[in-house]
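Each of the two complexes below includes chain A, the first together with chain B, the second together with chain C.
What follows is the complex of A and B.
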């Protein structure tokens, strides 16, 4: 399966040049780029690990690409995403977030159903990869 | 200012309060030198007076009938601070392109100011009972339309606004940087719960973020509401597990009573839904109650504007959707259908953008081209996500993105479910079209001009998109809009 979180997951993987163009867009809009990685792709995993702090003063997309590629070298089989953070009042949130690295094999998720009264079902989504301890998953 | 006002309206007290009938103008409802206070509510009406009624008197009559007046003089006014409570018509302008020499009889824009003390805090019902209560049936007018309102910050802050808002909704869904994608389950009526859930699953699995009940899906003989809720949540959870993405289905909890709506909403919550839906026809008070419920239960609240076309569409009479948008932002909904500009339903592109700006901006500037007459400070009230739904398809993606930017839900019902290769293919076509267009825009390409080529390029590697483009390439709803701004001389072209 393919985890389709992020702004561009239905497109072919972005090349470094295409990632650079998106980073330039974020910088033009005044957003701070940040790189995050994880080996737990659960859709409600809100806190991926931060690859350093958001790059608030970055003026050039090439700098972001450098960080992305360093992160890829360290975690070649993790999910890695680029976030763009907007500090404008009324937003103060992520404005763009796209995946730039993913494991070669994505085993996907198990859906557990616990049947309850009145035909209700309590659902739990479980990432197969997280059966293994952190660091040994992909 | 206040001194001169009170001097003028009470200066000749004995004749003013003599029993009998007098012109509204003479009763103090027309005050051309009045300067609205920052705390006044201002309403802008479009007035078509009956023959022989002059514009000032018609405006004064509207001010009177929407505030303190009745048809005759009453001495009991003198027991009150009536000069303060009287609404003041202070300006009338001829509406451009109406009157002699045009196809439309003479209309007037009338500006009326209301003292804040006239209104109960946090109640759309109270606001509307004054502003649109009696006056729309008033005989001296042929027609009347509420075009816009300026809501003072002090009044805005008495409302709680959207329970979730655009920012928090995106954070909960973990979806950023692109419009959200949805579809309404079709056919609207007749599917059993199990078949209905199939359509929901296919749409979500194929790449949509949301599926949606239609406005008239409640609890009918072919599908009772509990059955629908159970099957839809199976579809949502399955699709989430298959994609690793958060998905949702707007469960319509609209019902005959508040008690029943609460019952249905509670069941939706028990099943783990992230969103519930109501229809505009449930009424302003019910909407505010459901907004409180949504706030208490961390639920996104989707509003379908069912029924609005009966009073928003015709330019001469009714209420502009711009005003409904303002009321609904105060009342507190998270999503509202606000037009597509390019689809099957009424909507001049610039006017629709005006509605979107009212819903999404922290502060509105005067923008007459988009029909926005007043500056409006929203005082930090959360933003409503507009929903574009009705007769749109993947081939229009560049136009939709260019018109509405990222903070919108694009809903392709027929444009998903009617795909020749099935619902999943339809959903995938829309998602690929969207993502490739966002990517191109961010790269600095001119999507208005290059949009069709960008779609064709993506269709070369995405067969579902290729099929969608081939199926709907020539579909457009190119009719002239009825609700257009009266600032620019002609309606903007429907695209």
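What follows is the complex of A and C.
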């Protein structure tokens, strides 16, 4: 099951050229780019590991691509995303976030039902990948 | 041009109205860039020649692309060598603007670094530091001033080598994204390239900055003064000419930097002269005239120690300021 989260997630994978263009867009708007990675695909897992510090003084998308490619080399089958952080007052948040790398096989999620008191049922999703310890998942 | 098109297989037939080289030249605004270069930089024929070559290449490349021929940007990594004060830093700082307007690089920005910015202090510190600088410079020009300091042969555990290796890798793999300019004094750069053959082979353009002639130095002095809203009167001009003649023969002559220092001292003397005149006549309430504020007279220049009879080369305090080893980092106006 293909994980879809962030911007462009329903489009086919972005090419490097398209990633570069998106990074350029973010830089033009004055947003700081950051690369993050994880091997836990749960949708509520919003705090991914940081790949280096956010790049506040970048002038060109090629610099971000340098980091993305480094991260891909180190974690070829992790999820990698690019965040664009807007520091203007009032926003001070991530304005754009898109996935640039994903594992070749994505086993998907299991729906767990927990029977509670009475006949209530609580639902939870569980990623099959997280059955294995971190670092051995993909 | 049509002869080239005939040689190509038929599928690459030229578009009917492919623009000629002359039309491309006019469209590109390169003429303006080159004109500005000629006006603002005095002398430096080899540098201007190389920039002209690059400009011509980029136009021809555009024309080739219009005809469906293969085209790709050449590697433009450069090395500037020359004596102190010949304009290496100034030209490098202008290079980003030039290459951007010629359409070779995407962003008009220059990141100027020295050894301290690239080389770390402990194991594992150098690589992230160098990569960070490269990342910032992407899309523009990376200028490494006094690049020979990167390599310290006397210390085999020096981290400079690591920085050089990372630089080489990016210079090779990301030629489209980055132009690296190395600068330094001729003799030391020669040693640097001898001990780093990889670097020597990846830097395609070695541009030597010749020393200025006395006439060029005089022009530079006038240009500098015009920029600062000063002017030399006729006597001061001949005094300046004498000054340059004398200064050229002295040790530690740092070309335009020496001239700039001389002018700075002349400006101090001019201020002192105007001030003292005003103090001696306190009842005159009127403001100094515009012309007096702008004019540097012969006396301001002739007061230099260089013209004093007892002066010995090793006694001139000016030498300490302009000695190449301790020369202050050149600000933008260094020419």
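What we mean here is this: the second predicted complex is superposed on the first by the 135 of 138 C-alpha atoms of A that agree within 3 Å, B and C clash if a C-alpha of one lies under 4 Å from a C-alpha of the other, contacts with A are read in each partner's own complex, and residues count from 1 in each chain.
As a working rule, a residue touches a chain if its C-beta (ideal position, glycine included) is under 8 Å from a C-beta of that chain, and two chains touch if they have at least 3 such contacts.
Keep in mind that what you see is a predicted model, and the values were worked out from it rather than measured.
Superposition model on chain A: chain B and chain C are shown accommodated side by side without a clash.
In the superposed model, A:4 lies in contact with chain B only, and not with chain C. By the touch criterion stated above, A:92 is placed in contact with chain B alone, chain C being left untouched. In the superposition on chain A, A:114 contacts neither chain B nor chain C. Put simply, if you stand at the Cα centre of chain A and look at the Cα centres of chain B and chain C, the angle between them is 100 degrees to the nearest 10. When the shared chain is aligned, chain B comes close enough to touch A:25, but chain C does not. After overlaying the two complexes on the shared chain, residue contacts for A:15 are found with neither chain B nor chain C. Once the two structures are overlaid, the count of chain A residues touched is higher for B than for its counterpart among chain B and chain C.
When the shared chain is aligned, chain B comes close enough to touch A:41, but chain C does not. In this overlay, which is a superposition and not a single complex, chain B and chain C have their closest Cα atoms 15 Å apart.
Note for the complex: chain B touches chain A at residues 167, 170-171, 174, 176-178, 207, 226, 230, 233-234, 237-238, 240-246, 270-272, 362, 380, 383, 406, 428, 431-432, 435-436, 438-439, 442-444, 458, 461.
For chain C in complex with chain A, the residues that touch the partner chain are 106-107, 109, 128, 131, 134-140, 170, 174, 177-178. Those residues of chain A whose C-beta lies close enough to touch chain B in the complex are 1-5, 7-12, 18, 21-22, 25, 41-44, 46, 83-84, 89-98, 108-111, 119-123, 125, 127.
Interface residues of chain A facing chain C in the complex, by the touch rule stated above, are 52, 55, 57-64, 66-67.
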